[in-house]
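Some structures are shown below for you to check.
Next come two complexes, and both contain chain A; in the first it sits with chain B, in the second with chain C.
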Partner chain A sequence: MIQPVIKGVSAILAHAPSFIRHGSKPSREIGADADLLPTILAHLRSYHEALSYAPHQVFVGRIRPNKLRTLPTPWLTHPVAPERFGPFGEILPEEELYGLLALADEFRLLALDSDFTEEVIKRLADHPMLHSMCLDPVREAGRRDFGESLNSASAMPLFVEGNRLIGAIRRGQEDDESLAAPFLLENLAGKATGALALLHLASRDGLSLDAVEYVLGCSEEAVGDRYQRGGGNLGKAMAEMAGCGNASGADIKNFCAAPIPALVVGGSLVAAGVFENVAVVGGGSLAKLGMKFRGHLKHQMPILEDVLAGIAVWVGRDDGRSPRIRLDSVGRHEVKAGSSNQAILEALVARPLAKIGKRITEVGIFATELHNPEITVPQGNGDVPLRNYRTMAALAALRGEIDASEIDAFVQKHGMPGFAPTQGHLASAICFLGHAREMLLAKEIETVQLVAKGSLFLGMMSRQSDGMSVLIEAQ
Partner chain B sequence: MDLAHQEAILKVVQEKGKENVVVVLGSPDPESAELAAETVVNGDPTFAGPLAGVSLGLPVYHVLEPEVRGAVDPKVYRDAVGLMEAVLPAAEISAVVRRIRGSKTE
Partner chain C sequence: MFNGKQVIVIGERDGVAGPAIASCVTASGGNVVLVHTDCFV
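Showing the complex of A and B:
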């Protein structure tokens, strides 16, 4: 078997406050109460505020997650240095996100205001990666009449700076609900942010885009027309946009858990010698913008779910230094395992470690659902990572590995504070992989277990949940 | 408590009669347990769901309360709930639910 390793990881955020109104929850609630819109618009963050938000700087790799424990809270009112670029990627401003969407738009769905487009093109010309792309699709979007698009009831208006109308997206086909404008915008947002992460991966870790043979998409969008809604394939679409001319691709779907099965499948393709270089890529979830806005408004906070995320991972052959993917320690949540927390963690944490003779306490750090608690607590959802770590610690106590009095110490030693925006799949373990890679390369830790869970039952095809875990190990 | 759960509880009560329904909560913290308990006893305090203004007065317990534990096979309880008993603030959650159970406004 060829040993698969993690040769690079990128992570980006795209600031998208004017897209909050298009998020699933806000759009439904604005539809029911138009008076809500001004309130939402009065609670948007500026780009500078998004840059200086400590959890965002953790996401792009400038700050280690555990450093958040020593920063004053709430992070919201204690800004850090507002840097755009970090070791893993960048925090893209909203104006440039529109440029990126236009670059992703092969079917001329977008029409943008001409003056705004000029502004966007100037900015893209200064972007370290996007400047070398052909910007004609953006120029063309600026030549289309968005006013005419908006005359059609099925088009959707687009904004910047909260409420400045600068364009529209039309639906793909009049009688196809699967190609309605809101779905196409969601899909374009996923494609564009995933492709940006792939470009960052290539610019940072020495990956030649021509060397990528397969791109596994692991986002949460549903691409397809009425005959195959959700059939995909965003993997290949992202490969094309990023310029991976020799790649093909496909998608792996598993709700929030998808990136970990995608990593395991990618690692297996490399291990079996099928491909030499695989990229696992997840783009952002537009539907989840503003998902918990009610909680934020209630606590007089700005709406914190205002960023789309993107992550790309380069899985390749052993180079003698990059962290290894331990395919002999993959945990899966079997159908018959049961859905109690205990059953899930036995399946995902304890059993795969036991297979290679390891105990829970021997793992350096666990990465689980790492949602930023400042986003979830105001909505009454609690501190999700803390609860997960305490549950893992309790499992270690039940198995006699630690004393029940050591639960807090376990959380301190093997856990971290949540820092990810509530972008589902990207908040689920994979957002730590960039940090994990650096820490494993520096030998600060020996092992990281990535543990992801997915809410299979949400799709109403099964009452099961699912999950997968994999151990990543330093050389 | 989300709207679908409120709707489901209302439907069960209409079909079976409230004297035949007990609500067992699994909420992970006192705040969410309080909201859920309040909803099935005195009505949806957020006035957003089908139980807004509807005081069902249902008996409500949290799965970590001794009344529930005593009614379940110890092995089943240990396997399904044992882990979370060590993690969640059982005393605080139980106190909140007990208080609301005793606050029926019927």
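Showing the complex of A and C:
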């Protein structure tokens, strides 16, 4: 077997406050009460505020997650250095996100205001990666008449700076609900942010885009028409946009858990010698923007779910230094395992570790659901990572590895604060992989177990949840 | 504890899932009329 390793990781955020109104929850609530829109618009963050938000700087790699424990809270009112670029990627401003969407738009769905388009093109010309792309699709979007698009009731208006109307997206076909404008915008946003992460991966870790043979998409969108809703293959669409001319691709779907099965499948393809270089890529979830805005408004906070995320991972052959993917340590949540947290963590944490002769306490760090508690607590959803870490610690106590009095110490030693925006799949363990790779390369830790969970019961095809885990190990 | 009671079960994925609560309710004599699990992230 060829040993698969993690040769690179990128992570990006795209600031998208004017897209919050298009998020699933806000759009439904604005539809029911139009008076809500001005309140939402009054609670948007500026780009500078988004840059200086500590959890965002953790996401792009400038701050280690555990450093958040030492920073004053709330992080919201204690800004850090507002850097755009970090070791893993960048925090893209909203104006450039529109340029990226236009670059992703193969079917001329977008129409943008001409003056705004000029502004966008000037900005893209300064972008370290996007400047070298052909910007004609952006120019063409600026030549289309968005006012005419908006005459059609099925087009959707697009805004910047909260409420400045700068464009529209039309639906794909008049009689196909799967190609309605809101779904196409969601899909384009996923494609564009995933492709940007792929470009950052290539620029940072020495990956030649021509060398990528397969791109596994692991996002949450459902790409397809009325006959194959969710048909997918955003993987190949992102490969094309990023310039991976020799790649094909496919998608791994598993709700929030998808990136970890995608990593395992990617590692298996490398291990089997099928492909030498595989990219696992997840783009952002537009539907989840503003998901918990009610909680934020209730606490007089700005709406914190204002960023789309993107992550890309380069899985390749052993180079003698990059962290190994231990395919013999994969944990899966079997159908018969049961749905209690204890049963899930037995399946995902304890049993796969036992299989390779490790105890829970022998793992350096666990990466689990890493949602930023500042986003979830105001809505009454609690601190999700902390709850998961405490359950892991309780399992270690049940197995006699630690004393019940050591649960808090276990959380401190093997856990971290949540820092990811509530972008579902990207908050689910994979957002730590860039940090994990750096820490494993520097031998700060020996092992990291990635533990992801997915809520397939939400699709109403089964009452089951699912999950997968895998151990990443230093050389 | 739940003898003769009709019970609506609402669980959470990262807390205690609905089916796990339903098993406990059934074991203690309750009649589960609805099970729902939600995911808040």
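Annotations for the structure displayed:
We adopt the following convention: the second predicted complex is superposed on the first by the 475 of 475 C-alpha atoms of A that agree within 3 Å, B and C clash if a C-alpha of one lies under 4 Å from a C-alpha of the other, contacts with A are read in each partner's own complex, and residues count from 1 in each chain.
Rule of thumb we're sticking to: contacts are C-beta pairs under 8 Å (C-beta built on N, C-alpha and C of every residue); 3 or more make two chains touch, one makes a residue touch a chain.
Model, not experiment: these values are computed from the prediction.
Residue contacts after overlaying the shared chain place A:Arg387 against chain B and chain C alike.
Of the two partner chains, chain B is the only one touched by A:Leu398; chain C is not. After overlaying the two complexes on the shared chain, residue contacts for A:Ile407 are found with chain B alone; chain C is out of touch. In the superposed model, A:Asn341 lies in contact with both chain B and chain C.
Counted by residues of chain A touched, the larger count belongs to C, out of chain B and chain C. Look at A:Ala427: by the touch rule set out above, it reaches chain C but stays clear of chain B. Common to the chain B-facing and chain C-facing surfaces of chain A are residues 338, 340-341, 343, 381-382, 387. Touching chain A in their complex are the following residues of chain B: 28-29, 31-32, 35, 79-84, 86-87. By the touch criterion given at the top, residues 13-20, 35, 37, 39-41 of chain C touch chain A in their complex. Across the interface of their complex, chain B is touched by residues 338, 340-343, 345, 380-382, 387, 390-391, 393-395, 397-398, 404, 407 of chain A. Residues 256, 338-341, 343, 369, 371, 376, 379, 381-382, 384, 387-388, 422, 424, 427, 453, 455, 457-458, 463, 465 of chain A are the ones that touch chain C when the two sit in their complex.
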